[in-house]
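Right after this note come the structures.
Look for chain A in each of the two complexes below; its partner is chain B in the first and chain C in the second.
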Partner chain A sequence: MLLEVSNVSVWYDKAMLINNVSMGVDKGELVSLVGPNGAGKSTLLRTITGLVAWEKDLTKRSTHGEIRLEGQITFDGERIDQVPAHEIVKRGLILAPERRRPFKEMTVIDNLMVGAYLVHDKANIEENLEKVYQLFPVLKDRSHQVSGTLSGGEQQMLAVGRALMSNPKLLCIDEPSTGLAPILRQEVFQRIREISSLGITVLLVEQEVSSVFKMATRNYVLSAGKIIAEGKGDELLENELLRKTYLGM
Partner chain B sequence: MKTILFYIRKLFAVVKNEVLVLPSRVAVIFFFLFILLLPFFTDDVYILRIFTLASIFAIFAASWDLLSGFTGQMNFGHALFFGVGAYGAALLNLHYQIPPWGSIPLGALVGVAAGLIIGIPSLRLKGTYLALTTLAFPIILLGLVFTFPGFTGGELGISGIERLAPTRVQEYYIISVLMLGLCTIMWAITDSNTGIIFHAIREDEIAVRASGVNTTRYKLLAFCLSGFFAGIAGGLYAHFMRIAGPSTLEVSLSFQVVIWAIFGGAATIYGPIGAVFFLYPLVEFMHVLKDYRILMFAFVVLLVLLFMPDGLFRWLREKVEEECPRCKVRNIATRKTCRVCTAPLD
Partner chain C sequence: MSIVLDIIISGVISGSIYALLAIGFSLIFGVARIVNIAHTAFYMVAAYCIYAVTNYLGWPAVPAMFIAVIFSVILGMVTYKLLLNPIREHEGAVLIATIAIAMIFEQVMSLIFTGTFLSVPKLVEDYFTIFGVKVFYQQLLTLGAALAIMLVLLLFLFKTKLGLAVRSTAQDREVANLMGINESFVAMITMGISVGLAAITGAIVVPLTILEPHMWTPPLIMMMAVVVLGGLGSLKGSFVGAYILGFAEAIVVFAFPMGAFLKGSVALSIMILVLIIRPEGLFGVYFEEER
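Presenting the complex of A and B:
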């Protein structure tokens, strides 16, 4: 397993957001994590990428109550649950965050260069930039445009492109389709499929179940912080109860 | 001989094709020439003194911009760095007889230490909380200064410090050339990859962190760099005025630097420098108005903030220059087509 999450629980003060979750992602897979609003999908991604631990450090002794983390996460054979977020990125696990979060006042190319921060080899940066431009030609056309003026879909492509600049082994994408028109969603999913076919392992958090189940090798269904089902898309859809209650189809 | 000619020709080509085409670049050249040639036109000690002090405060204002304008770490106690630089240089010079060329850099290192001291507790703070915390630090130090008058000189400060140079003109040149150099360095920092990360931290720290950047280190770096440059300004001030007193730590100085930076245009480096060279002499020359000059000062500042919220110099730049919609290269506003890609400008 490239990524292995075992018995991870997260508390924000008294609220248990992640309840004893175990899951794994193998090399080359495209794994999806689906579930209703507030299930803890984004929290789980942020836990894996070390951002929850960072938040825990920042809010220590604050009045909001404490964040508690339990369990073990290994990536590429090494434990990463004690490793700071920026070190985790260095090992090849990167997150394209929810709501895309581009640096809105900066140009597209500067955004991508922040993504390439960990790559010191200039030729490699050029190579990655070429790769990103090939995947998302629109970013090349707009490379000197301030990213706040891009459309939602273009900003999503920028967020994914920025993540790809760091040579990731595992790319986590958090809700890429939120707020996009249906046709743009399909385009974003198509690009994610292409990234996967380049040999980059992808862990995708999504609400748009029908499209995701078609492309993912495996799926996890998360509800109220717990993993309640796992399997291939069509298998999961056979289960009437699961389909109706949790997937809303 | 041939190579020298080649480089001279190349220099001319660069000046003609890259510098003279943009009013902002020409303005920078004129500014450099003005600063360097001023003593040839006047030997009035009073005017030289005003522009020397303006140079010192320009370094100070630009250093605030590096920290608060670019990285977004709102610092309302920037006088702390200025004060420790001034006191550090003064104490080293008086007690250990270290000459100015040693005491000023060492004072700046004290500024770096001060940057770390307020940087570390400030890492968890944002917005108003950070502003209030930073506001407190120079006041705390001021309290210490008054508590140990034997060491710090108390209300009177430390006087009897060595002069920077024997004559006013020499002092003017040392400080103004240093100002031009240090401000160019600060501008180069903000224009580099480090500058891109500073800017990115201001916009969205979590996204920077998620891109694998140790933002803690960069925030501390910003505090230290800013402390260093402000410390140099403080040391220069102490040696120029030959006194390091409590006025270098006062709240009014901390606010003054914020006003300069916002007036000229924050996150530009050139804005705060321009603002100091505009406002500082203006207030000095308005002394004929006696007590009304602060009122006039406030009026000018409010007027600019009302009509040019992004700062005076950014506003001016937008007026005389235009960005090409296709290739994003800047052009003089009178051009009809872009100078690089020939796309029409509207």
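Presenting the complex of A and C:
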């Protein structure tokens, strides 16, 4: 397994957001993580990429509530749950975060360069940039535009492009289609398929179950912090209770 | 005519000095959300340091300036690491701590140098007269140095990788962290740069001013007014705001009888007006609490 999450639990104060989750992603897969709002999908991605641990470290010194983390995460054969977030990227694991979060006052090219922050080989950066521009030609046209002025769809492409600049082995994408027009959603999904076909493993969190189940090799359904089902899309859809209660279809 | 020229010269010079101070202040606020009240206290430390090195060690002024800046930067980074970093997430505590730091510096300076007014000789004594207005070469030197430093800072921020890290951390430290930027390291470096800017300002201003242990408060008030006017955290705002206030101050001083006494009140009035009419300032950044 490229990514292996074993018995991970996360508490924010007394609220248990992730409840003993175990899951994994194999090399080359496109795995989806679906579930209702507030199920803990984003928290799980943030835990995997080290952001929850980082936040925990910060809040230790503040008046905010305490964060507690349990369990073990390994990536590419190495334990990463104790590794600081800013060093996890180096290992090839990155997140295109929820709400895209581009550096709004910086240009598109600067945003992409932040993605390549830990890549020191200039030729490699150029190559990645070329790849990103090929996937998202609009970013090339707007490379010197301030990213806050991009449309939602373009910002999403930027968020994914920025993540791709870091040479990821596993790219986590958090709700890329939220807030986009249907036609743009399909375009974003198409790009994700292309990224997957480039050999990059993808872990995708999405609300739009019907599209995601068609493209993903495997799916996890998360509800109230727990994984309640796992399998191929059509298998999961056969289960009527699951379909109606958790997937809203 | 001469009064206009007086206003222009004085406005440009004070504006540049305020800009240097305010940009440093904004920088560390932007990156680490630290409202550093002790910012101008570092400016004072650098100025006294130059006095000490030139007077007690008998060194020439220019190396003394370098020593002063280096000393202040180290002092700033140590202060950050020991006193501010551990409480960084308590914004109120940080504010109070920086006030305490400023007062400690003030007291230490009065212990060492007493409260007497001191001064440092100008680097160049000469002046020339234009339309009946005396312009000291020292003033031009200060202006030139201020502009050069702002240019260097700009190049650093926009042309280097560390500058990219500083800018992205200022915008969203969590995502910067996610992209592999060690934000706590960047915060410390930024503290060094910010204090360095304050120290450099102290170094280039010291020949034009009087040294005394309370010398950090008037520029603090001006700097705060600049930052409020320009928008907290905005470097462009700090730059523009500094020149607006620099000129406002010069106009009041030169165009009104007894205007020099009104200097501080002009800055404060502008600050209050901005807070009432446009609290985010000219180029204010809207901070979204990210989760």
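The rule is simple: the second predicted complex is superposed on the first by the 248 of 249 C-alpha atoms of A that agree within 3 Å, B and C clash if a C-alpha of one lies under 4 Å from a C-alpha of the other, contacts with A are read in each partner's own complex, and residues count from 1 in each chain.
Simple rule for what comes next: a contact is a pair of C-beta atoms (placed from the backbone, for glycine too) under 8 Å apart; a residue touches a chain by one contact, two chains touch by 3 or more.
Just so you know, these numbers come straight off a predicted model, no measurement behind them.
Chemist: Should chain B and chain C be called a clash or a fit once both complexes are overlaid on chain A?
Modeler: clash
Chemist: In the overlaid three-chain picture, which partner chain does A:H144 touch, first (chain B) or second (chain C), both, or neither?
Modeler: first
Chemist: Please indicate which partner A:T107 is in contact with in the superposed arrangement: first for chain B, second for chain C, both, or neither.
Modeler: In the superposition, A:T107 touches chain B alone.
Chemist: Using the superposition on chain A described above, determine whether A:A224 touches chain B (first), chain C (second), both, or neither.
Modeler: Once the two structures are laid over each other on A, A:A224 reaches no partner at all.
Chemist: Shared contact residues on chain A, chain B side and chain C side combined as an intersection?
Modeler: Shared contact residues on chain A (touching chain B in one complex, chain C in the other): 49, 51, 54, 58, 84-86, 89-90, 94-95, 97, 101, 103-106, 110, 113-115, 117-118, 162, 166.
Chemist: Applying the document's contact rule, which stretches of chain A touch chain C when the two form their complex?
Modeler: 49, 51, 54-55, 58-59, 61-64, 84-87, 89-90, 94-95, 97, 101, 103-106, 110, 113-115, 117-118, 162, 166
Chemist: In the complex, go through chain B and note every residue touching chain A.
Modeler: Those residues of chain B that touch chain A are 124, 193, 196-197, 199-200, 203-204, 206-215, 327-328.
Chemist: Okay, in this complex, where on chain C does chain A touch?
Modeler: 86-90, 161, 164-165, 167-168, 171-172, 174-183, 285, 290
Chemist: What residues on chain A touch chain B, complex-wise?
Modeler: 49, 51, 54, 58, 84-86, 88-90, 94-97, 101-107, 110-111, 113-115, 117-118, 144-145, 162-163, 166
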